[in-house]
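Below are two complexes that have subunit A in common, paired first with subunit B and then with subunit C.
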Partner chain A sequence: MTFSMKRMYAIFLKDLKDLSKNMFITSSMLMPLLIAVLYSRMDELSIDMIYLVINLSFSTIGVFVQSAIIAEEKEKNTLRGLMLSPATILEIFGGKSLVTFLLTLLTIILSARLIDYEPSSISLIAIALIISSVFYIGLGTLMGLLTKSVVEASVITLPIIFLFGFSTLLQTLINTYPILSFIEYLPNVQLAELAKEVQLGAGIEDIWGYLAIILVWGIGIWLLTTWFYKKKETAG
Partner chain B sequence: MAGLLVIHSLEKRTKDSIIFPIFNLTIEKGDITAVYSTLNIRKVLLEIISGKTLASKGEIRINGVTIMENRNLFLSGVVLAFYEDGIYDRLKVRDYFSFYRAIYDSNQTIDQLLRITQLQDKQNQKIKTLTYSEKQRVRFGKQLLQHAELYIFEEPDLNVDVETRQVFISITRRLQHEGKGVLILTGNLESALTIADQVLRIDESGLQQIPTEKGESDSILDDPMLEAEVQPFQLNKIPTKVNDKIVLFDPPEIDYIESNDGQSHIYSNGNLFTSASTLNELESRLEHFGFFRCHRSYIVNLQKVREVITWTRNSYSLILNNKEKTSIPLSKSKMAQLKDMLGMK
Partner chain C sequence: MEHIIQVKSLAKIYGNQAALEDVNFTVEKGKTFGFLGPSGAGKTTTIKILTGQLLQTSGEATVFGKPASSLNKPQYRREFGVITDNSGLYSRLSIEDNLNLYCQLYQVSTKRIGEVLEMVSLSEERKKQVAKLSKGMFQRVILARALLHKPALLFLDEPTSALDPANSALIHQGLRELNKEGTTIFLTTHDMNEAENICDRVAFLHQGRIQLLDQPKKLRRQFAEASVCIELKDGREINVPAGPEGAKDIYDYFASDQVVSIHSNEPTLGDIFVELTGRKLV
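What follows is the complex of A and B.
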């Protein structure tokens, strides 16, 4: 089977239409925007605060929305049809991820506007954001495959939203509890550190280490997702 | 081996019980075959076909390969139309069709599809606002967009309205005309007999043909039990009518017969069939098969009676040994006769 742009686009279009009529999922976009509105009232926002909003957008949209659209396919028994169809895993998840990717980007741009975030280098931050979204959407796909219904997906993604949304705040605890030092290597923390460097005028040569760590997370999660999907496809 | 679908000595056991014993089945181009079975057998069979479960013995080939040998080639040769298959119910009918048209790269036009499924005036409605029967027609539309030589339908016309059933029947004729094979898996004998040219039954004792006047029986293969069944008993069969077909029953298959408005209703395995013969005629034909006229409007197969219940001194019932534990009235005068026959005083 060959990769067909037409099929991927059909899945993209279908999910976009379907999502636009699904209030339960689209309303989750409001959470990061709401926090952005609250923060916009404050005078001096640290990079940590700004990235709290951005990471929250990643985990609510990238993870939750992606997992919900996949879990819904399972709940309504439509994923089986797609698995039996000529559509390949790349086309199915490519189409779906594209929808989530656009929504995530839209939310991040809107919330960045709301809190007046202006990175010193837009292009470097854009690269970092895109690489991050690969990880979050992959995580959302995996969560969608692990759960059976939208409700289950929303429950299971809550701790993930907490971990990746707020763990920048937990960093202060590392000195007291050294066991938490793994937090430094989480992609969201790496992203915030990267943004701090960029704000201080760093170039691509200074931040590639951060990018590489985020990319490793992204590749790792997609490998896991693909393995899991293949296992399900040939279950039994 | 030729044949769109070749099932070769397939058997499934779980733990101690046999789900179905070894059977063979081939579907050729232009066949419309129905397999009548219980829900459990049907589910297991579909799971084996779609590769979710393994058979205990035997194999299923589509396009000449088993699902293990070449999953893509196998699946490209068959449309699996599951009962209550998932549906994107927030989409409009038209959008739904164009989505699957792109997925399956079909060249069927949407308008043609809407005409076949008689959904033209619903095309801009969201699927969730449609009735159950209309949703079923949406599924038929999706299935027609999948191009394959073989269509396997699971309970295609369960609980649907007359219009939808007509749509389905014309779809099966259209597929037959295009030289495709159709296999219907159902638990409804009446529906199987109405739609298919050839009706088979699978149960714990194997695959048997349910004789219909219409259609040939070419495509059932060498099942020794089957041959033994079809041949010698012709004269003793009881004819019944289902729509325009005549279905023949072996006396032991009949549970009981009920007279209703001058017609005789023959019950077999929980299903009802009508016969043109009167109860008296049937009684004389069936007497020596162990049938008993237990009531003015009932003949019962005594082999199937489990219990005689006495409600009052003048009211009795016979309880049958079937799943529904059907009860049949037994009149007082006949009670004495029955006691005589059973050697009770």
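What follows is the complex of A and C.
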């Protein structure tokens, strides 16, 4: 299988142009930014609160925006055109994820600025954020493939936005309801825990466990997404 | 003759409903082959199987000598172009932006955009947003897109079903030109005139089976009544046997200067379809 940077870039440019004309989707960027503005008026922000904003950026943009642009390709029958072209799955998803990836990072950087978040180690946090975005964008891609329209995608991603956006807050419930202990292993919770350690001066040797768990989530979701896409390819 | 498409005992069953049963045909290089049938006959299913978008339940379908299911490999996709009844475009982008993407995907020069738009008479609309196109224009852009990479084989699923006669004629003309340049065309339609106009051979598909397959001309002759119709100046229309037994009558009508016109009683493909299946082509 060959990989063409040119083809991936063409899909990326197309999506960039298309998104710039799509208010419905670009306006969803505002949600995490609005919360960041609200939080910026408070004095002491805990890491949990900071990561509520960051995880919300992941779920609204990485998951929702990505699912909406994939679902729209299905709704408008353009995904089939890409599938029938010489573009490979890597080029198609690479191109389509790149826009979402840049938008997600942009939103996170803007929100971090708004709430004055200064990680003790920028590079460790950057690695963690990039690995996290692989997971969220994979999840968004899968959601887009599972739905038939943008409207459907917005409905089915709502609980996901809630789960990954706010579940750091649910952690306090684990003691009362042990059944919820799986929450600890969610990638958003792992990310927040990782950030707390980094803030206390941890190095890469202390946090690789968190990174590994987030990475496993990312690999798992992309395997599932690829399997589902391949199935769709010959399903008429 | 080189067979570009070869189909043997092809069957497709959805759940417990058969959409195709024991379908057999071949398409020769450089020809235009028509699949004629009413809606639900199995035309789209056949195209999807031939382009690797759907797996058959049983039987063989080869394209360019390879199993059709291998056509979904990126390296074969340059060889063919497809229009199905649900081909789409990016509606917020212009015609040019849409075609530009496909130039990059197929790695052809963007100069081709001007050429294909010329072919479908849309040169003026190049910068127009797709959302603002009429149905006919939209369909022509879809065709233009399928032609960008000059495919050797073109699959067209009811390419003119949404178009008025003027737009259909434009597309027919374009298809005849492509065919002259050597493109093999596999076309489905429920429009018998379309089949008659541009196809070298047609297959009648009904309830998932091929009922008849031949050149349109031969089919019409095969089903023609052996008579000619003579229209007389007094308004009468008289059927006269086309053999020697009718020769004297024909001579007499001409000799007595009563004839307005004389024509054969060849049926249209639509007539033949109704005779064969008891069903109209809709």
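Everything below uses one rule, namely that the second predicted complex is superposed on the first by the 234 of 236 C-alpha atoms of A that agree within 3 Å, B and C clash if a C-alpha of one lies under 4 Å from a C-alpha of the other, contacts with A are read in each partner's own complex, and residues count from 1 in each chain.
The rule is simple: a residue touches a chain if its C-beta (ideal position, glycine included) is under 8 Å from a C-beta of that chain, and two chains touch if they have at least 3 such contacts.
Since the model is a prediction, treat every value here as computed from it, not as a measurement.
Peer 1: Clash or fit: subunit B and subunit C on subunit A?
Peer 2: clash
Peer 1: In the overlay, answer first, second, both or neither for which of subunit B and subunit C A:Phe228 touches.
Peer 2: After superposition on chain A, A:Phe228 lies in contact with neither partner.
Peer 1: Looking at A:Thr78, would you say it contacts subunit B, subunit C, both, or neither? Reply first, second, both or neither.
Peer 2: Both partners, subunit B and subunit C.
Peer 1: If you stack the two complexes on chain A, which partner ends up touching A:Phe166: first (subunit B), second (subunit C), both, or neither?
Peer 2: neither
Peer 1: What is the shared patch of subunit A, the residues that subunit B and subunit C both contact?
Peer 2: Dual-contact residues (subunit A): 1, 4, 6-7, 9-11, 14, 17-18, 21-22, 76-78, 80-82, 84-87, 234-236.
Peer 1: So in the complex, the part of subunit B that touches subunit A is made up of which residues?
Peer 2: 47, 50-54, 71-72, 75-76, 80, 82, 84-91, 95, 98-99, 102-105, 126, 142, 146
Peer 1: Show which residues of subunit A lie in contact with subunit C when the two form their complex.
Peer 2: 1-2, 4, 6-7, 9-11, 14, 17-18, 21-22, 76-78, 80-88, 233-236
Peer 1: Going by the contact rule at the top, pick out the subunit C residues touching subunit A in the complex.
Peer 2: These residues of subunit C touch subunit A: 45, 48, 51-55, 69, 72, 74-75, 77-78, 82, 84, 86-93, 97, 100-102, 104-107, 145.
Peer 1: Considering only the defined contacts, which subunit A positions touch subunit B in the complex?
Peer 2: Those residues of subunit A that touch subunit B are 1, 4, 6-7, 9-11, 13-14, 17-18, 21-22, 73, 76-82, 84-87, 234-236.
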